[in-house]
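Both complexes shown next keep subunit A, but they swap its partner, so subunit B is in the first and subunit C is in the second.
And then the complex of A and B:
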């Protein structure tokens, strides 16, 4: 083998190893005490994160960890919305309406009709069962942890994110660097699975679903405004119902005490 | 094959069999019962270098389809000579690798390949054909493609 081939082979092995390690975690874990986050850090070697975790533990009582597979932002927000809907029938119906409406909105934007209809149908059929209480919480979380079933739920979140960005292309296109068009950006970064969400993806998903979120940062330097937390959209009046914890490269869901 | 992938593949197969677009031939007996591997005929479009020629594409689907790309290559006795198609049937097309999105389908892949054939100006394999065919993996999705020019 040549050096280049060797390097590719090595890289493949590394990716495989990371993938296998990640697959040992559930896609969507159970709610666990927030104190677990404190245990992740050593008071002496990483005092900043340790102290921040302790401080957050005053506000947040629980954490639900999400697998780090590149879908974590979309998955975390979706599970957050789902939990709100499971407790509130009115909101569940409202969210179903939003989702049903997205099918036509996507087609109008020129998304390929056959596959788009299929994804929308699978998603809304699944979500109708939640709204109509034809499923149990146990089954819902089983589905969320089933690779192939949950892929369909995630792709729907990705498509509507892409749809929202495209509907407001004049607002978002200027943020895309390296000369790509918004359509190119959406197809390679948003509509493709296992690609991390950046600020466009975050904004797009929040506005496409109509659910505001708060992101708590472990590290101030990572926060867009240099603060400890960030509400999206920035001008939302109430504290968002869904909170995520951001640790470099990863999102989990956290719950107020 | 997961239930979700199977459901989607059955739906795609049904659609292709009832209303396949011009230039795409689906053999009714083609997919095996587990739907994992399909063979689809493509016919070179009128007015192109491949007019009327029939080639066979082989699709192999993994359990994560349509979230992961299918493996697609030309098989059989006649492999089209084309600047993006190697003589072993491997195809250098970005949507089959990095640019795959789940919004694509068997039909859209076939149409992209037909359009790639249509835009050829010369019937010849890529310049590095001899060395590629000798050294590549059997599975084209293991190849790190270098996409030169999407227009050809």
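And then the complex of A and C:
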């Protein structure tokens, strides 16, 4: 084997190892006490994180961890929306309408009809059962933790994110700074599985679903308003119903006390 | 039933209903929806014209999150098909797969791709090989340096494929 091949081989093994380690975590974990987050940090060696975690524990009582497989942002928001819909039938119906509407919107944007219809149908058929209460909370979370089921639903989330960005391409194209077109950007960064969401992905999913979110940032940067969070979209008037905790490279769902 | 098998069943039915020029597709084994046999027709006006090349498409259980693998079982001499018959084109690689760094990333695998888009890429690869990333270095070299021999070698494969 040449050096280059050896290196590729080694890289492959590393990727595989990371993938396997990640697969030991559930895709969507149960709600657990937020204090767990504090336990992740040492007051002596990482005081920044430790103190932020303690501060957040005043506001948030629980955390639901999401597997770090590159889909965590999409999955976290999706689960957040589901939980809202499971408690509120009106909102569930409304979200179903939004999702049903996306099928035509995607086709109008030129998404390949064959596969797009399939992802849309699987998603809406699945979600209809939630709306009509033809399923149980247990079954819903079983599905969310079944790789094949769960990721199929995530593909839909990615498609509508891409769709929203493409519908507003004039607004978003200026943010892509490496000379790529918005369409190229969407197919490499949004429509492709396992790719982390950046600020365009975040904005696209929020606006495509109609669900505002709050993101609490646990990194070393300070937020503008003295707190640690950003609301998306920035001009939303009410406190968003869904809150996420961001730690570098990863999102989990957190719940107000 | 797994989503992947439902999607594959639907695609197979659709391809039977509306065949696409340039290839035909069916199951390699009637009991296994994850293993397809395809017959690729050598594209007109290329060295491969007149050939009927058999290949196997091997779908993973997590299709369409991950792409299938494609392997020619008919002998075929081409820079982007290795000597075991494995097809090496970017559309069959996962986006996370960065070892194929020379390709335009937007050509990688996406869940919205279908058997049809894969096969159309393969047919376009037969028409238009990618020399930057040869899977069969000997074929790439021969095509560049000794085109007469290259043509002969391909013609042999075409003839053989007609006899299979």
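One rule holds in what follows: the second predicted complex is superposed on the first by the 250 of 257 C-alpha atoms of A that agree within 3 Å, B and C clash if a C-alpha of one lies under 4 Å from a C-alpha of the other, contacts with A are read in each partner's own complex, and residues count from 1 in each chain.
Throughout what follows, a residue touches a chain if its C-beta (ideal position, glycine included) is under 8 Å from a C-beta of that chain, and two chains touch if they have at least 3 such contacts.
Every value quoted in this text rests on a predicted model; they were computed, and no experiment measured them.
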Superposition on subunit A - do subunit B and subunit C clash or fit: clash
Touched partner set for A:193, first subunit B, second subunit C, both or neither: both
Partner chain(s) touched by A:15 [first = subunit B, second = subunit C, both, neither]: second
Which of subunit B and subunit C A:96 touches, first, second, both or neither: neither
Contacts of A:147 with subunit B and subunit C, given as first, second, both or neither: both
Partner chain in contact with A:176 - subunit B first, subunit C second, else both or neither: neither
Partner chain(s) touched by A:112 [first = subunit B, second = subunit C, both, neither]: both
Partner chain in contact with A:70 - subunit B first, subunit C second, else both or neither: second
Partner, of subunit C and subunit B, that touches more residues belonging to subunit A: C
Those residues of subunit A which subunit B touches in one complex and subunit C touches in the other: 8, 111-112, 114-116, 118-119, 122, 147-149, 151-152, 155, 159, 187-188, 191-193
Sites on subunit A touched by subunit B in the complex: 5, 8, 111-112, 114-116, 118-119, 122, 147-149, 151-152, 155, 159, 187-188, 191-193
Contact footprint of subunit A on subunit C as seen in their complex: 2-4, 7, 10-11, 14, 61-62, 64-66, 94-96, 98-99, 105-106, 108-114, 116-117
Residues of subunit A defined as touching subunit C within the complex: 8, 11-12, 15, 70, 111-112, 114-116, 118-119, 122, 147-149, 151-152, 155, 158-159, 180, 184, 187-188, 191-195
Residue numbers on subunit B that touch subunit A, as the complex places them: 2-5, 8, 11, 15, 63-64, 66-68, 98-105, 107-108, 135, 144
